[in-house]
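Structures for review follow.
Below are two complexes that have chain A in common, paired first with chain B and then with chain C.
What follows is the complex of A and B.
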């Protein structure tokens, strides 16, 4: 006979407000094998915990039910209590969630109380079938992987590397840096973006603990927290980076000169063998196989002839490597929404002088295609009237996305300021829905832009069309209640941030979740903002949602500190609630092996005596380190040979029966 | 004696005589004129009793599994038997080198009692073997038919009519488990219905228990079903068991397809136990 103790928490009035706790305790005292019942105002408090430990020890309890808040809240705390202060195995504990799933969702004691009693009865039934489980320590591989090398990834990599752990920084483009080096100035301080970003890039490249893999993508992630086996495909660069000196001779001689430059947002051209910008890291050239004549047509070879270092290798192939990492930081950033597809009323890309904010950054940048002179793309003339439209794609659930992209209010103000600074006789109109300038020095910056002479019009632009060489922007100024039309020379669209292409594939590869908008989901929006629901995987920067550079860098530091914490500890406690295979029932069909997302199951040969005959047959086996206790195999297993320890079929059946027959 | 019977006997005799296989699984004649049962020939003499004609209605493939201890086994395999072999391999119950497949392009089987085409043959989509080591006779044209016709008729029913249909169906079920025993997907060591697990499955003889058995069996086999229809053929109560199977096969085709049906490919895994990064996740 087991001796079950039930402890019902009032949680102040959180539970007691809608559940008659004394009635629950009274009902619990009549449940099978329950020998001790107590109530507590705050079970999780120190005195509350002490009273549980005392009751367990004095009454020789061997199973414990705590009726309180969600097990996600305090189950670990109470397990620790059992382990440290009592002789009861910590897995002989069941939490009946009578707060989140009962008192908080009901208003009436007449409903809340019987439901709480049912929840307690189910927990009592289940705990009776619980078995002792034990944890073990699993060593952690003390290396980190950072996916994405924008400013978030670079910062996270530097922080982890500075703590003394080796880091691999994976970037799918040819250079690290991401979007930040493309920006001209950063708000609100107006310091040069590249000037503060490129030193970080060089620092990462020079750091003894950082290995940079560019043109690389994560293909597969196996394993679990502390021991992720990650397969990385490093695409062929056709240039031997060990030999290349980055002299740029190849780039000068390359005959393919009409390829739109990604770095300059299509406002200039690059060659087929190229470095996206002078401060690129690694500072080496790469051949773009889609445009290289030698690789597409087999005739050219100019770069190979001019390369003094003999670094060109047209036969280069992808390199696929698998390495083990303890922690993963996902910092894959954002891309800008493809506005041309969804805003035909803004020309849908027909007018060359309707440009995106990122294109404006390149136009106004001293190292950009116009050397910092604001010249419109169509005829390279200085625009005298510029219209800036905010929330293009953002806050537009019908065409774009419903969320606010957070940074655009500020960079719209910055663009207006920069334009008026460079073209003092110009006029700048900003169409806005709201001006959101929450941040240190942000509102002051906006005010300064207004003083510069930017004209803010509250309303959206409904149409842009061309007339007499002007872009006519028709919109509404809701404050004067008038339809306005502005004859602009150039229009800048402050477009929405969206998750980059491939984010969905990466989410399934790394096994993390995405929200409805496609951004990676944090484990808790407030209290665990950089963790994911997959232990050992952390989020940094805009991969988690739109944010500006200061927030991105801060979050990268936070993600790094979480990763460092894991790597410092050096081990993790194994989860004993894993799958167990009953080999007597297992027919070795391998359904569990196919379905396991963690590669924790395999088929092995087993020799056993059956009906006084020695037989060898194939059965499934669980790797306790890899198994995460998700239970997928237990549903795939038809005869029920796979069962989850701590969540066994029997315990669940007891719960269901108790509920059904009460 | 028809050609197929003659060639099967010759080949079986030869395979047994030279020791290639330990036994040949096929059919032999019973007492009645058109009685045929699954038969295991272990000697050349027994091989002379093999028959391959239009009355061999039973699915012979599952018999192979119980003979594997004896050595390599030859199986006379039509479309359905060959798909069963693929099924066994995908379920890791059989290795390719444990079986010698004598392919037999199927002429379509007849009901020995009525002389009509067997129901399972009228819904067949694959008469020629999908794999074989040798073939007896020439390939036959594959039937062009809508195997989901019955399902579509069923889906015209209102929810109340469907409920009544299943209530009626499971009230007639005697839970003899013939469907399970005949099914090439049912290769568990211990079936869930035979396990002593309190609260899961009782011994009561009620429509509820039969429905539980029928529904769980449908889920256990639906994503792997080779659509041989043998369950329906062996059912002494003539229950329309293939309805739930066809429903699942068609759904899988729609959701994760194109899906030709179970056992068409030699290797698993099957759609519902395969995970692709681009799988539908509209519920997430």
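What follows is the complex of A and C.
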């Protein structure tokens, strides 16, 4: 016979206001196997906890029901109490939630009290069938993987590496750095973007704890928090990085010279063997197999001839490696929306002088294709009137995305400021819907741009068309209630940030969720902003949603600190409330494997002795590290072999029966 | 309803026909130059205004105006200076200073309105045609007596403008209360006040005469 103790909490008047707590206690004392009942004004307080421990020890209780608030609130607290102050197993505890789902939702005791009694009766029935459960410690592999080497990934990698843990930094492009080195200046302080980013890139490359893998992609992630087995494909570079000195001879001689440069946003050309920009890290050349004559047609080999280090290797192949990591930081960044496909009214890409904000960054950059002179792409003339259009793609659910891309207001102001600075007799018109400059020194920056002479027009541009060599932008200035048009020489579109290509595949690979817009979802928008719903996987930078550089760097630091916390601890406490497979009942159908959202179940062969014969059967097996105890498999299992420890079928049925037959 | 009416009136007034688009790139540079000069005269930087509308919302004459005081400065920002000069708003402004007192950016709208009135008078294109006349009579009045004499002011204005009986209905009540005194009060330093006004008017005349741009604008 079990000895059950029931403790009913008044929670001040929170519960006692609409539940007759003494009546609940009186009813509980008559329930089967209940040998002790007590009430308390605040059960969670120190004296409240002490009185529970004392009652348990004095009355030799072996099961405990606490009727109080939601288990989300204090279950962990009371479990700790049982573990530390009593001999009762912490999982011999049931919480009857008579506050959030009872006293708070009812107005009078006539409803609240009977409901509370029913809830307590169900908890008493269930706790009787609870079994002792024990947590175990799973060791953590003290290495981290950072996916994506933009400023977020670099910062996270540096922070983790500085804490003393080895980090692998995976980047799918040929250089680390992401978008930041492409930018000219950073708002609001106007520091040179490359000047503050490239030292970080070099620092990452030189850090003894960081291994950089460029042209690499994560192919497969197996395992669970603390022990992820990650398969990385490092694509063929056709250049032996150990031999390459980065001298650039190959680039000078390469006959393929008309490939649009990704780094310069198509405003200049690169060669087939190339380094995207001089400060690229690693500072080595790579052959682009799609454009190399030797690799596409089999005739050329110039780079191989001029390379004094003998680093060119046309027979290079992809390398696939699998390594184990304790934590993963996803920092895959963003890309700009392909506006040309969705905005035919802005020319749809027909006008070379309608450019994106990132192209403008390259145009004003001293190391860009025009060496920092603002010259429009079509005829390399200085534009005397520039129109900047904000929210191109952003806040446009019909054609683009519904969200605000957050950084554009500021960089639009920055572009206007830079243009007026470089072309003092120029005119700059900014079409805007709102000016959102929430940040330190941000609004001051915008106001300065107004003083520079930028004219802000409140409205979206409706159409851009060409007339007499000018790009006529027609929009409404709703502030003066006028349809206005501007004859522009160049138009800059501040386009929306969207998740990069491949984000969906990566989400499946790493097993993290994405929101409706495609950004990776954090575990809690406010309280767990860098964690994901998969333990051990953290988010940094724009992979989680549009943000500017300061926020990205801050979030990267936060993600790193979470990863460092996990790696420092060295082990994880397993959750014992996971699925248990009764292999005697399991038919090996695999329904549980299909339904498991965490990939925790797999089918294995098992040898068993049946009727004194050895038989081999296929049965399901649970990975204790991956199982999150959601219970989906227990519902899917037809023979009833899968059962959730702590929420066993028997206990649940007891609850239901108690409720139904009381 | 009334705001809608005003809006429509504004549009019709602005462009002659409703919603004719304007091309900001095709406005003549003389507008920008004139705007710069007048704003400097008023000590106002139009770029300071971020169009929050706090001025217009508190303006006591907005009911009678064609465009709001916010829109006056908006037109200047857009380079539509001629439209600002020819609007009624500057003439209706009573310089109460509510807008300036509340403006987060300390834009001195009363000063700007006054400068716009002067510019309109110079160009001879005052939207309120009695405006310059009233100003002249008012200044004459104060210059002569050193203090405003309502009776004389009203009488002269009504005779000159042809609005013979404007505000005449209030005269008996005002007289009964001794507000239209006619006792010929002159402050002791009236001569000094008169000299001061004369000096300023001479200055303004000289500035107007030397201003070729303004003449050009008047000619146009």
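Here is the rule we go by: the second predicted complex is superposed on the first by the 485 of 662 C-alpha atoms of A that agree within 3 Å, B and C clash if a C-alpha of one lies under 4 Å from a C-alpha of the other, contacts with A are read in each partner's own complex, and residues count from 1 in each chain.
By definition in this document, a residue touches a chain if its C-beta (ideal position, glycine included) is under 8 Å from a C-beta of that chain, and two chains touch if they have at least 3 such contacts.
Keep in mind that this is a model prediction, so the values were computed, not measured.
Engineer: Just checking: does A:636 make contact with chain B only, chain C only, both, or neither of them? Give me first, second, both or neither.
Structural biologist: It touches chain B, and chain C stays clear.
Engineer: Could you look at A:455 and tell me whether it touches chain B, chain C, both or neither (first, second, both, neither)?
Structural biologist: After superposing on A, A:455 lies in contact with chain C but is clear of chain B.
Engineer: Is A:487 touching the first partner chain B, the second partner chain C, both, or neither of them?
Structural biologist: Once the two structures are laid over each other on A, A:487 reaches chain C alone.
Engineer: When the two structures are overlaid on chain A, which partner does A:509 contact: first (chain B), second (chain C), both, or neither?
Structural biologist: In the superposition, A:509 touches chain B alone.
Engineer: Identify the partner contact of A:429: answer first if only chain B is touched, second if only chain C is, both if each is, neither if none is.
Structural biologist: second
Engineer: By the touch definition at the top of the document, which applies to A:13: first (chain B), second (chain C), both, or neither?
Structural biologist: A:13 sits against neither chain B nor chain C.
Engineer: Have a look at where A:594 lands relative to chain B and chain C in the superposition and call it first, second, both or neither.
Structural biologist: first
Engineer: For chain A, give the residues common to its interface with chain B and its interface with chain C.
Structural biologist: none
Engineer: Enumerate the contact residues on chain A facing chain C in the complex.
Structural biologist: 385, 427, 429, 447, 450-451, 453, 455, 457-458, 470, 472, 474, 477, 479-488
Engineer: Would you mind writing out the residues of chain C in touch with chain A in their complex?
Structural biologist: My answer: residues 7, 10-11, 14, 19-26, 45, 47-48, 50-51, 70-71, 74-75, 77-80.
Engineer: Quick check: in the complex, which residue numbers of chain A touch chain B?
Structural biologist: Chain A residues touching chain B: 504-505, 508-509, 513, 584-591, 594-595, 597, 603, 618, 636, 638-640, 649-650, 653-654, 656-657.
Engineer: Which part of chain B faces chain A closely enough to touch in the complex?
Structural biologist: Spelled out, the residues of chain B in touch with chain A are 91-93, 187-192, 195, 197-200, 220, 268-269, 273-275, 277-278, 284.
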